[in-house]
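By letter and in written order, the chains are A, B and C; residue numbering begins at 1 in each of them.
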Amino acid sequence: MIKLHHIIESQQFNRHFLEKELFPLAKEMEKIAKQGGSDILSGKKMFTLFYEPSTRTRASFEIAMSLLGGKVVFSTENARQFSSAAKGETIEDTIKILNDYLPDVIVLRYDEQGGAKRAAEISRAPIINAGDGAGQHPTQALLDLYTIQKEINKIAGTSIAMVGDLANGRTVRSLSYLYVKFPEVKIYFISSESAKMKDDIKDYLKKHNVWFEERNDLREIASKVDIIYQTRTQKERGALLEEHEKTESFCIVNQEVLDLMKKDAIIMHPLPRVDEISPEVDFDPRAAYFRQAENGLYVRMALLKMILL
Amino acid sequence: MIKLHHIIESQQFNRHFLEKELFPLAKEMEKIAKQGGSDILSGKKMFTLFYEPSTRTRASFEIAMSLLGGKVVFSTENARQFSSAAKGETIEDTIKILNDYLPDVIVLRYDEQGGAKRAAEISRAPIINAGDGAGQHPTQALLDLYTIQKEINKIAGTSIAMVGDLANGRTVRSLSYLYVKFPEVKIYFISSESAKMKDDIKDYLKKHNVWFEERNDLREIASKVDIIYQTRTQKERGALLEEHEKTESFCIVNQEVLDLMKKDAIIMHPLPRVDEISPEVDFDPRAAYFRQAENGLYVRMALLKMILL
Amino acid sequence: MIKLHHIIESQQFNRHFLEKELFPLAKEMEKIAKQGGSDILSGKKMFTLFYEPSTRTRASFEIAMSLLGGKVVFSTENARQFSSAAKGETIEDTIKILNDYLPDVIVLRYDEQGGAKRAAEISRAPIINAGDGAGQHPTQALLDLYTIQKEINKIAGTSIAMVGDLANGRTVRSLSYLYVKFPEVKIYFISSESAKMKDDIKDYLKKHNVWFEERNDLREIASKVDIIYQTRTQKERGALLEEHEKTESFCIVNQEVLDLMKKDAIIMHPLPRVDEISPEVDFDPRAAYFRQAENGLYVRMALLKMILL
């Protein structure tokens, strides 16, 4: 088993790690979870430090730790408002002091891009980036790829439509970096004009000769892709999305899109969702987003094991 | 021992359950708690999901779980503000995903009537309604009845005065449904004109031939009842209570009321209280509200055992 | 080993307790912590009840408890906003009810001076004052003195400069009471005119014949002291500090001050810090503030052991 330390950005992982290390271990973790857990991380101590709202991510990390017998010895759900940060403390000082309290791992959600990296630079304990503002959310990308592998049985050679607020969503950013480590993939970025994928990602794809195309109507390509990766408008990032809202109806996953999709394609979503997926879609077996959320637990268990053992 | 699943509303319980199952088990739990706890729920996992302020309720559930050897593996104290709900996620989606994280029981306080029922409809894990807006608070009603039984040695044949903001208090609603499962009880609803008990409860009582009367001055009936159940103005439910505030002095429990009360009557209150009980009342042995709060721990331990074993 | 009950204010401790009981035990605790903990407090239950922002203090108490094998069975990080306090409940009622839930110790941060004392008056379980508004923060004073002893190898005969917002900082208040239990100490209070140390402390010092002086420029005395105890402007206490802000540049610890300081002097700070310590100071070995924060863990472990065993 590979030994991990910090998890900061999805680029740090490669195809070999995913296919040979992470995926098999996540599968094993699913069995362990369903049998009620194990105690391999007994005595290990996790701190969770969240500067932004979250249910799913904090829950899945804390529960993953607990299922492996480790302990969440300190947890704060809104560090921005209720901690020393409110008094003006830097993330570096906070992390430095928390290190003195002897954590084995720190799960950090920060509200500014680059926060996880700044934390990792001064932390003795491994930092897991659980989202840093508009930056990245690498464990989400790992569970996304695990879901694709599990649902479609391969990643190489697939095509994906990333849909919605691509300018502000960190999950599509993290996923893009990781997805293109697999050969012969195709990406469609589908959004309104104002919510287009940022240039840094597009430049990265060009540099690595990855095929991609930008569109603004999901219905035009719904029949062509193996994966529709829908996302939510990131209102909390202050997105100026007036035009986006006008045209976002072209981006909704609804019955019309279901009818166009391949029989064995899947619909993913990092959740929470609001109204970008119509209710009827839930009943279609191709709706993979709740299975995807479940996979998050197993992938995070696997990562904790690789970091802590 | 009866096996419980969801706890949604107090109507779901009957007299037999209370007297033959819950009360004896709660008594046993008191002993266990005072001896430092047990480990009968070892390996069981609780999630607590609170969308509204609470100290007592969340504390008593989490401590009850802990005293029986179970684990609170995920806890959030203001889900409304700090979770995916803030991003527009429905309670159904939140509960669906939390189920994938393998809870054995979910304790839910929601901020809208009907929330617990909606959650239960899609949850594999048992849901305990720890209050749903102006709806119900069934475990409070159970501990209230346990307190009456313990303090007065019977429920059948007693008379109760429910006092205060009856229009907005969910505890008096839940208690009403359950109290009238006992024969020959009498209820006085005592409130200002604007805070009267709602029609749905009064219709329910009429349908079941339960004697009740509405009054606006506690002093007129203080000498007639076995239980004064005082409540607090639910300012957080946006009650328009101007008139209520003018006349609420008729509803305060004070020395004058103590002097009128029977020697073996009791005063209850779901707490927290503000100024609807005068400070001198605390020193009277008939003040049962702190003993009532204590009983909450034992009743919740009993419920958890019935759900999880 | 001495048995402790409530910890309310630093005056309750004497020199003998510090030197013969607390310091040796804290040293032992450091070893235990670095070896991964012990289980001497197994079965003991802590409640943490915080009415004000904190990371460090709550973290260090909860982690201390966990390292000794005890359990944090209930924790709330903003009791002011998210609990019954928001509905108008008094601290006395809250503490009375929490006692019924069988804690072995309650760690309380309250937002008004005197809160811990009020709580202790009605609590069966030991109360640890983790800060009460502008009142005291006695465990901070204990760890401050432990740090001085550890860094300078003595307390008696040393001189200290307390710097910054002395009018509103509770740490300098608690430290003053305790520091002067040691013979031949000298205190310089260094602040702007509007942030001067309050009279109650100065009267206490006069009464006990302790040498002190008030100044407004740190540079004038930086060469004379063994300890510079820097503090932060307590903006959250509503300090009217306009003039203070004009002159606070005289109170910053920077390279100029480092150059003036004795070779074996130290710089302390209760943290969090904002800009009252310049970044370059972190690299000087005399900067003791992160070591001081670390000591907080060991001192709190020692206190918990003395309270709970």
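Following the convention adopted for this analysis, a contact is a pair of C-beta atoms (placed from the backbone, for glycine too) under 8 Å apart; a residue touches a chain by one contact, two chains touch by 3 or more.
Just so you know, these numbers come straight off a predicted model, no measurement behind them.
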Subunit C against subunit B, contact positions shared by both copies (same if over half, else different): different
Angular offset of subunit A relative to subunit B [C-alpha, multiple of 5 degrees]: 120
Centre-of-Cα separation between subunit C and subunit B, whole angstrom: 40
Sequence positions of subunit C contacting 2 or more other chains: 77-78
Contact set on subunit B toward subunit A in their complex: 43, 45, 47, 49, 71, 73-74, 76-79, 81-89, 93-94, 96-98, 100-102
Of all residues in subunit B, those that touch subunit C in their complex: 33-34, 36-37, 53-56, 58-60, 62-63, 66-67, 77-78, 232, 235-236, 271-274, 290, 293-294, 297
